[in-house]
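Got some structures for you, see below.
Two complexes come next, and they have one chain in common, chain A, joined by chain B in the first and chain C in the second.
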Partner chain A sequence: MNDMTRVERTVDSKAIKIAAKKVQVYYGETHAIKDVDVEIEDKTVTAFIGPSGCGKSTFLRCLNRMNDTIDICRVKGDILLDGEDIYDKRVDPVQLRAKVGMVFQKPNPFPKSIYDNVAYGPRIHGLAKNKAELDEIVEKSLRRGAIWDEVKDRLDAPGTGLSGGQQQRLCIARAIATAPEVLLMDEPCSALDPIATAQVEELIDELRSRYSVVIVTHSMQQAARVSQKTAFFHLGNLVEFGETGQIFTNPEDPRTESYITGRIG
Partner chain B sequence: MTDISQTPGAAPTEKPKGGSLFEKDARTKRRNAAESRFKMYGIAAIGIGLLMLVVLVTNIVTAGTGAFQQTYLELDVDLKADKLDKKGNRNIEDIKKVSTFGYAPLIASALESEVAKLGIPTELTPKEMGKILSKAAQAELRNYVISNPDEIGKTVSFRFLVNSRVDGYMKGRVTRESIANDKSITVAQLDFVDQLRDAGVLYKAFNPDFIFGADASDQRPEAAGIGVSMLGSLFMMFVVLALALPIGVAASIYLEEFAPQNRLTDIIEVNISNLAAVPSIVFGILGLAVFINYMHLPTSAPLVGGLVLTLMTLPTIIISTRASLKAVPPSIRDAALGVGASKMQAVFHHVLPLAAPGILTGTIIGLAQALGETAPLLLIGMVGFIASNPPDGIVAGFLSPNSAMPAQIYEWSKRADPAFYERAWGGIIILLIFLVTMNTIAVILRRRFERRW
Partner chain C sequence: MALSWLLLILLALAVIGYFAGRSRALASAGGDTRDLHSLPSYYGYNVALSALVPALVVLIIWLLVQPMIVNSTVSGIIPDQAIPEGSNRGLIMSEVRRVANGLEGAVASGAMTEAQAQDGSADIETLTKTLKDAGQVLTQDITQPILVAAQKFRSMTSTGTVAMQVVVLALALLGAAFAYVRTHKEFRARNVVEQGVLALLLLAASIAILTTVGIVLSMLFETMNFFQLHSWKDFFFGSTWAPNFRGGSELSILPLLWGTLYISLIALLVAVPIGLFAAIYLSEYASGATRAIAKPLLEILAGIPTIVYGLFALLTVGPALVSMFGQGGTLGVGWMASSNAVLTAGLVMGIMLIPFVSSLSDDIINAVPQSMRDGSLGLGATHSETVRSVILPAALPGIVGAVLLAASRAIGETMIVVMAAGAIAKFSGNPFEAMTTITTRIVSQLTGDTDFASPETLVAFALGLTLFIITLGLNIFALYIVRKYREQYE
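What follows is the complex of A and B.
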């Protein structure tokens, strides 16, 4: 992919998938996220950009309650998924995470076979009634993860034996296998070389047709390449949120402009 | 920029500004000297360690191998019916009435006829000849007759143990000079032993009873074996494994993966580390107070020993399990949680299998530690007890009084007869074989199943 290539940016008004209202996140005494309002649309790639430590990853992890695993982390405000508050007492985070899948910064396949990596999610959620159905889910997920052709002959090989880019696509396939509605990606390409990055970016663009994708990235070029909407975070605040084209060409906030032009961050 | 970079390739005509790289300055020399000094210390330390190990192993082997050999005397015994079964009806109850002592004359006369057969000239009386045999010989003969009453009246060939002095003489521990003040053996008897040895009926042979047999009383060191206390150790290890592994692993998983990080868990954590350093005799007295005095479990039982050793082993297992859980990268937990696994599924499906080799290694090392532990057993009465028979059945194995290998070694080392000294070393060899085997298994398991990231 060329840096200057822009994903087609026909931004029709789509259904709102996730709506965050006045979200505050505290790590102990530190106020990490301040008053963030954001609306993430369905079938859209939304990029979170911003300098290190600005809270974009923290906010991403709020969207599937991965922050629950951190003892000192507290979240206030509302995050609605299809109109339901995911921080409601009745919500089981396990069920939520099946709907909101996640791909991490470092490729982290389980030290098991490629097949078992993908089949694990469907197995624990009971998505397949029998072996044949499970095989089908695994194949479909690996195909959507754009890695099927490379691994179809060695599904029993350990997932940790793949190259970095393959591992990351395997992790994406694993996340897709549970049939999520939203896919969160936390700097999915930061550990990959440019070729693998291009492959993953292409994949993200394809995933847009089925899922709502939220991607945190350090690379502004990447945000420009893959996303339709971009949110710029700075020091825990959501500075600007809008169409990617507009954010990169004609930002409203001076801080966004200085970040994009390389003056801060 | 330096001159060199400006005129590349030009030979330095004068000394470089900072001094030549070919000459070491005083500071570098001092640093290098310190480094080689440190290497020397390290080599010396390792050398001393290895030397000590060699000395220790040689010492153990030279002192202990004797226990695996024993001197035997082959003898044809005429099981005289008029002595053993006076009524002649082969009634087992009547046969049992003949005490162990009553078999002594049989042996003495068998020895007398053997001497006559071999043509050995001796002035010893049959009774004096009989004294070179172990007291265990009479018991062996009696047991044989009671279990085979049909053999009464026949002549049966036996291989009897000789007494510990004669055995010591054969092994070079006892000499004619050293028995000057010894009332239990005379020079004439030693001459007689020499004659029997030359005739080929008295010889040293491998002694399986030392490994598989039971302990024997103070008077019969030649008959003592470590087998029964080995069983005692085995039953204790069963108890330790069955209790310490599940409790330890469950506690560590909870503390490591589920427990909130607060003051209470901090206190628990510190105390577990402290418990690992508590002297084992403290656990022994705790076991005495709780398991025996309060719960009234049987004294000297491997069950109680196992419970006490469980208390002692738990901290070791918990610490090593937590360390191996910590070593599993958090990205694996994230991955599992990310696809919607519950915390427990993440732990049991992914974290625990990866930590298993470390947990197993820690457990085996904990068990090895428990296997070699003596002090707590002193307090619950597993020492000083003479286990003369192997336990009958598994329940009895846990509940009937027994000893344990290290306790047995300690017991032997306390006894007066020097023949026990040899057995104590022999016991140490067996114990060490067990420990080395267990540690080797631990190393192999770790090598085999360890994953690297």
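What follows is the complex of A and C.
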């Protein structure tokens, strides 16, 4: 499979969804993210790649303020979502996380039924007026999560009883159900086998038509397959950010080239 | 030779065996430890264990079995007509033992020669006088059959003891010699010693289990005696608890069971919400520093002896409740006459159970994976929504298990109810009245002068067994639920 040509790469000048300027992150004394500037476009898959411990997951968690749940973590700089600073005092991180959904490394369905897993977000945010509307949201989300056909007959079964790949797609459907504008995915396929990975990757490509997707991945092939833009992180710095095709075929920075060709990392 | 000397000799043999085995192994390898199959100390342990373990096992079994054999033989030689009216073989046997001990003591203190003590045709009156002069305790007049039985008892016991010492020492020497002869550089001493240690561990585990079985069996036999004297229908289905040591008692468990369950229910109503909320605070909201201080403080409650809780109930909680609900109290309702009441005992028992519930629930809430919290927070849920809708449901089976364990402690609790609940057995829904529980009735039936042949005393065993079965059932159910919950995140 020729990874470089599979995804269409006509990048129009799309609207900027998230703009990060001079972002610094500290864990206690450790300076984990240094001066990161990045602009994430709407309806685009942006991949963050880099060796372990380079800060890509940390940066991802800044985008929906999940780092707030870690006591020793401090974030400086500006992160603008649709032009508004998400670290502004007036912004409620809880509301923000409904707009910027997140899918985690390990599938983490709640120990509830499949239906209740998906209905969880809509219920706490009051997105449905009645049961019929909720049913509709659940079905729509499961369809967009490309898992509806597999689970439609057993919506009352526990979500924990699904296979790993199904669980991860359920988690994606669960994130979609709150009608987010951005989906953050933290190594969503690292706990999955190749077949489940292919299904999730296909799903990510479909999600691009509605959402802005940011994916952290260890697999450079995966970044090349699913993303239009790629950012390469190294030791807390954003080394290079550009179109995926260019990063993988003609990187500007020697560190990017070393990583892609397997010399560092 | 006293038992302690026998044990000391065995230990000395083991120590000598250790060094002998060690040096023999080294010698067989020409002094080079690398040629040995195992480290030299293993050869030593092998000899020491071979000397010690079989000898000790035989010693313990002998000590348990010998009195039984002696007792049954001696009680067999007492003729039926020697047992007076109103007495029984067991009482005569205790007299026989007392005389035998008296003879032993008199010989030891020099008041009597060995020949005199063994003289079967000795004059009873002189003998009694000699024994009394020697300061030995006798409660009954010695009769000829008792004297004969006592002498038989003495001789059998002393023969048995000598035989035991010989057998045990021989076994120790044989074991040591066998292991010593086998000691050679090719011998797999390490494996053998580890097998031996494994057997010891197994033995320790089985003692714990066998003790439980022993407790159940002893209760079971006494309970069967009780049911021969008293109708089981009255015990399980009667409605009155009115023990009367002159006979004609009504001994029904139901009023006691009602009191037990009522007090436990109040205790759980106090302990479960407070304990659970404390656990949620500690595991979800408290900072590391707060948790480090608050958790041990809460667990101090668990270390307070229950008698102290009883005092607290009697001196503080009871009077406080009376001054609130009693005649002329703050609320002016006059519901509560005395500080001994279901409410007093239930409240204090609830306080006692708080650390129990909170500590177990805290562990269970902490066991809910962080990914659950992340998942919920990542969907835009607040912290408290996450706790309510994800963490508590996930932890619920474990929390139910914790509550059931707390319930079985409440049901078996004694001191608090003895001091705070009162002593009246009745069916009543009024929490301001005194009531009594199974445990307090066991205490009251067995304290004081008791006769282990009357149903009024034996009922304590039936009560205890019922209580044991209830709490055992609760514990098994709780463990089943907790275990089922553990499998959930795999």
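One rule holds in what follows: the second predicted complex is superposed on the first by the 260 of 265 C-alpha atoms of A that agree within 3 Å, B and C clash if a C-alpha of one lies under 4 Å from a C-alpha of the other, contacts with A are read in each partner's own complex, and residues count from 1 in each chain.
Simple rule for what comes next: a contact is a pair of C-beta atoms (placed from the backbone, for glycine too) under 8 Å apart; a residue touches a chain by one contact, two chains touch by 3 or more.
Keep in mind it's a predicted model, so treat the numbers as computed, not measured.
Partners chain B and chain C clash in the overlay (superposition on chain A).
Within the superposed three-chain model, A:24 lies out of touch with both chain B and chain C [touch as defined at top]. Judged by the touch definition given at the top, the superposed model places A:121 against both chain B and chain C. Within the superposed three-chain model, A:246 lies out of touch with both chain B and chain C [touch as defined at top]. Of the two partner chains placed by the overlay, neither chain B nor chain C lies in contact with A:258. Looking at the shared chain after the overlay, A:163 reaches neither chain B nor chain C. Within the superposed three-chain model, A:219 lies out of touch with both chain B and chain C [touch as defined at top].
In the superposition on chain A, A:190 makes contact with neither chain B nor chain C.
Looking at the shared chain after the overlay, A:66 reaches both chain B and chain C. In the superposition on chain A, contact of A:113 is made with neither chain B nor chain C.
When both complexes are aligned on chain A by C-alpha atoms, chain A residues 64, 66, 69, 71, 94-95, 97-98, 101-104, 106, 108-111, 120-121, 124-125, 160, 171, 174-175, 178 touch chain B in the first and chain C in the second.
Residues 260-261, 329, 331-343, 345, 349-350, 354, 451, 453 of chain B are the ones touching chain A in the complex. Chain A makes touch with chain B in their complex at residues 64, 66, 69, 71, 94-95, 97-98, 101-104, 106, 108-111, 120-121, 124-125, 160, 171, 174-175, 177-178.
Chain A contributes residues 64, 66, 69, 71, 94-99, 101-104, 106, 108-112, 120-121, 124-125, 160, 171, 174-175, 178 to its touches with chain C in the complex. In the complex of the two chains, the chain C residues touching chain A come out as 287, 369, 371-382, 385, 389-390, 393-394, 488-489.
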